[in-house]
Amino acid sequence: MKKILNDPFAYVDETLEGLCLVYPEYYERTGTGGRVIKRPGPAKKGKVGIVSGGGSGHLPVFTGYVGQGLVDACAIGEVFASPSVEQMVEAMKATDGGAGILRLYGNYGGDTMNFDMAGEMMEMEDVPTTTVKVTDDIASRPKTEIEKRRGVAGIVYAYKIAGAAAWAGKDLAEVTRIAQKAVDAVRSIGVALTPCTVPQAGRPTFTIADDEMEIGMGIHGEPGSRRGKLLPADEIAKEMLDALQADRPVGKGDRVSVLVNSLGGTPMEELFILYRKVKEYFDTLGATIVMPLVGRFACSMEMQGASFTVLKLDAELEELLKAPADCAFWKVG
Amino acid sequence: MKKILNDPFAYVDETLEGLCLVYPEYYERTGTGGRVIKRPGPAKKGKVGIVSGGGSGHLPVFTGYVGQGLVDACAIGEVFASPSVEQMVEAMKATDGGAGILRLYGNYGGDTMNFDMAGEMMEMEDVPTTTVKVTDDIASRPKTEIEKRRGVAGIVYAYKIAGAAAWAGKDLAEVTRIAQKAVDAVRSIGVALTPCTVPQAGRPTFTIADDEMEIGMGIHGEPGSRRGKLLPADEIAKEMLDALQADRPVGKGDRVSVLVNSLGGTPMEELFILYRKVKEYFDTLGATIVMPLVGRFACSMEMQGASFTVLKLDAELEELLKAPADCAFWKVG
Amino acid sequence: MALDKQSLAAGFARVAAHMEKASDHLNELDGRLGDGDLGVTMLRGSREVAKVLPDLPDDLGKALMTCAQAFTRASGSSFGTLLAAALLSAAKTLKGRTEAPWSEIPALLQGALDRMMALGKANLGDKTVLDALAASIKAMQGMSDPAAMASAGIAATETTIAAMKDQPNKIGRAGNMAARSIGNEDPGQVAWLELLHGVKG
Amino acid sequence: MALDKQSLAAGFARVAAHMEKASDHLNELDGRLGDGDLGVTMLRGSREVAKVLPDLPDDLGKALMTCAQAFTRASGSSFGTLLAAALLSAAKTLKGRTEAPWSEIPALLQGALDRMMALGKANLGDKTVLDALAASIKAMQGMSDPAAMASAGIAATETTIAAMKDQPNKIGRAGNMAARSIGNEDPGQVAWLELLHGVKG
């Protein structure tokens, strides 16, 4: 394991400590064990709160997207592990402005069980809450089981759009509808070249040969759809774009936003090389790319690889996508 | 070599192509072989032009810092290789607003020879030019040969400060003085954990054992000051901070800005873990950290490791550091 | 006497005391095929609950909710979450009441079981705590004495554990090693047994 | 006749024609210990220069500057940059003049040599193009006929190449393998020889 860290069991807490020291204007630590990150100051009165949560090791996801026009609070688990119910409840309480709370998170077993529980607890205290789970990874399940798909980088779009709706003062039902609409419009697929190492485990999450890649692999190393020889960038891009296109076709005149995301270890140079092909692909389809995002948005620490996320827009989604937002890792407007 | 690319000989051109497709509002390609990136539109009349250049593979350095309040144009070489004289001349011509041009780049042999030549060519055309070379890497030479030190991540501060001065309308002599003042005030040191691979070479730039790190290594794999067992994050941080402190002491009441930079493969989590120790160190000295920067600013593709850069501020430098700036990779104000 | 704030607090206090002794064994059982944290979950969880017992609200719903929240403070592991869900299900049913007859216990447990199945997406027969709980409910049916109910539950759970020992686990971490789980008592079922022992005192 | 726009253009045209034949050999020499791009540098560079010859300005300074810029268009390698620096040094000296006597050539070359040394930070004796240039200047001293100067330079360069062949390179890529460079002609010195052959025609 080649990582710059101290005690592996302090990895998450020290990360959060550093994060808040660098950006006190964006992030405030609270909750049991300091495992809730919220926007500084009190919850905004009358605004629907948006709460997320999940395992660590994915920065900027999930914690990094706490900010104006984005997420209000986030509960943080160990690397690749769910936060506890208690921490989720604390995140919701920290962001309760009296207008209800949307739980918006990636579809993973532990997170779901805990967030459901946490939601019931809030309801016992008469705080209305709703749930929208992000299920964008097309490689995780066939289209017939779409609601069981796991969530990957597409959550960034869900945060942005739901966040803008809540910031604009829409009510809980409306924010929930819009968040679900964003989830329905978003699809992702990834390719992994190398594994990463969970600090407490001390060994790579999976093994893969020096000349191999795995298309469709999940951000925790969950099996993908195809393992094979490492292909040239343009061929990798085409294979992933074809898969996305088969799952949810984009056609002439459509407007989409595209996120070309590094899993962490893959450098910006390679993302730009991939983006050429993405642009060409949508040009050929006659579709327009709006606000392309290229960079590290949802990572798996040092894992090499990349993912593509396509968000199909309509007027409502596009307006919300372009609305101002501000966190340490992403500024819009 | 595990990289997402097509023809290794097209690596740089495809990277620039993608960069400009994603950010047409920030970057425009021009020059022989499209190896100059400039701010879109004509040069700003009456403003001192700031031109940089260097090898590829370091994004966001150098190209990424073309933007308002930063660099006006950049000449781009192959991975880790100098751009040509012609490309440098083109970069300068693209940014000639009639107020002269500052060449601001990292101190490497090939770049220096070519930039000197290019400068003479501009002077033959009666365009006044000056040179400031960034020499921040304390591990590359002893203090007695300070002007021979190579440039690493400190260039980011030099860009920011000189860029703000030029943007504010100061003349060439003044912009040059301020750029040199920034260089004199900045010091860096890095630690490398893994090598990276130059696409055209196809093999790692150096070898290092699985449990080793090298303190002081350069961003192209130039030898550092000490190779040894990988230490805990806090000890690595202390060793680097002590070296910086020995080279240019920071004391009680001083104001500094600090850049904790990933060489590419090292994830954000680890940078935040390092930053805790940085903050503690300067707190103990009684110094104040202003506008800390944590992230990927000057990389070596997928190389794992990190660098610390300390900029000692006075009122003039601090004002310029905080002035607005805008490029795709960095927004201030 | 009936189920109220006092008897609830007394029951949880007995469970907490019992877990101080039982947790090592649960860790050991869970460690054979799982991650060995079940005893820790139960011990830390019930210690957290013990802390809130002196200040429980009169409303049984709120009281159970307070206990559920306290339990989850210690842990994010599966059994802890399922148990909290069970408490929360009872809390919902009893919301607004300060007293409930003992005879309502089997119905409350049935509600809890339904909630745990909905939450954990497991079925009866998967060799989990659910099977022990289902058997306990059946055995308690029609009773109204709490001690007798606990005894009946203990007997039914012991029978279940013994009967299922040689079946494969079908869910959770142990479910990933279904074959190897044959011959092992399910740790969650044993945890339920220890809970009942604690309640009975 | 003297050095002016016409004679300058004619000389560069002869060099460009000669490089079409000489470049392979230069690549081969540079490839033994260097990166094998010297012939490419000379060929592409002089082809680029050939393109600008029809439209050279009358001002000799501007004309040489145009040639220097054209040469660097093709390459960022060391010899190309040094040669461009040499041309630029002459351009600076001749700026504003449309004619110069042939007798000024040795002084122009000395200025170029100084510039190349300042730029490349190498010294005489390092077994580089500098040694060939220095020997040529010495041999041309006091002459005023261009053909005779070229011949003298060729003879002096040949002597230098032969004399230094068995010494180690001390600078540049080949300098990294000083020991292995013994026995090899320095490619930059040979490139200078070929340049003079081209000029002479």
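First chain written, first letter: the chains are A, B, C and D, and each begins at residue 1.
Following the convention adopted for this analysis, a residue touches a chain if its C-beta (ideal position, glycine included) is under 8 Å from a C-beta of that chain, and two chains touch if they have at least 3 such contacts.
Just so you know, these numbers come straight off a predicted model, no measurement behind them.
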Using the average of all C-alpha atoms in each chain as its centre, how far is it in Å between subunit A and subunit C? 35
Separation of mean Cα positions, subunit D and subunit A [Å, integer]: 60
Can you list every residue of subunit A that touches 2 or more other chains, as numbers and ranges? none
Quick check of your reading of the touch definition: is the inter-chain graph here a line, ring, star, complete or other? line
Chain-chain contacts, ordered by label, are A-B, A-C, B-D
Subunit A contact footprint on subunit C (complex, rising order): 61-62, 65, 68-69, 72-76, 78, 80-82, 84-85, 88, 91-92, 95, 119-120
Can you name the residues of subunit B that touch subunit A in the complex? 2-6, 11, 14-19, 21-22, 56-57, 59-60, 64, 191, 193-194, 210, 230, 232-234, 236, 264-276, 279, 292, 294, 296, 299, 301-302, 304, 306, 331
Touching residues of subunit A toward subunit C in the complex: what are they? 32, 77, 81-87, 89, 110, 113-114, 116-117, 120-121, 124-125
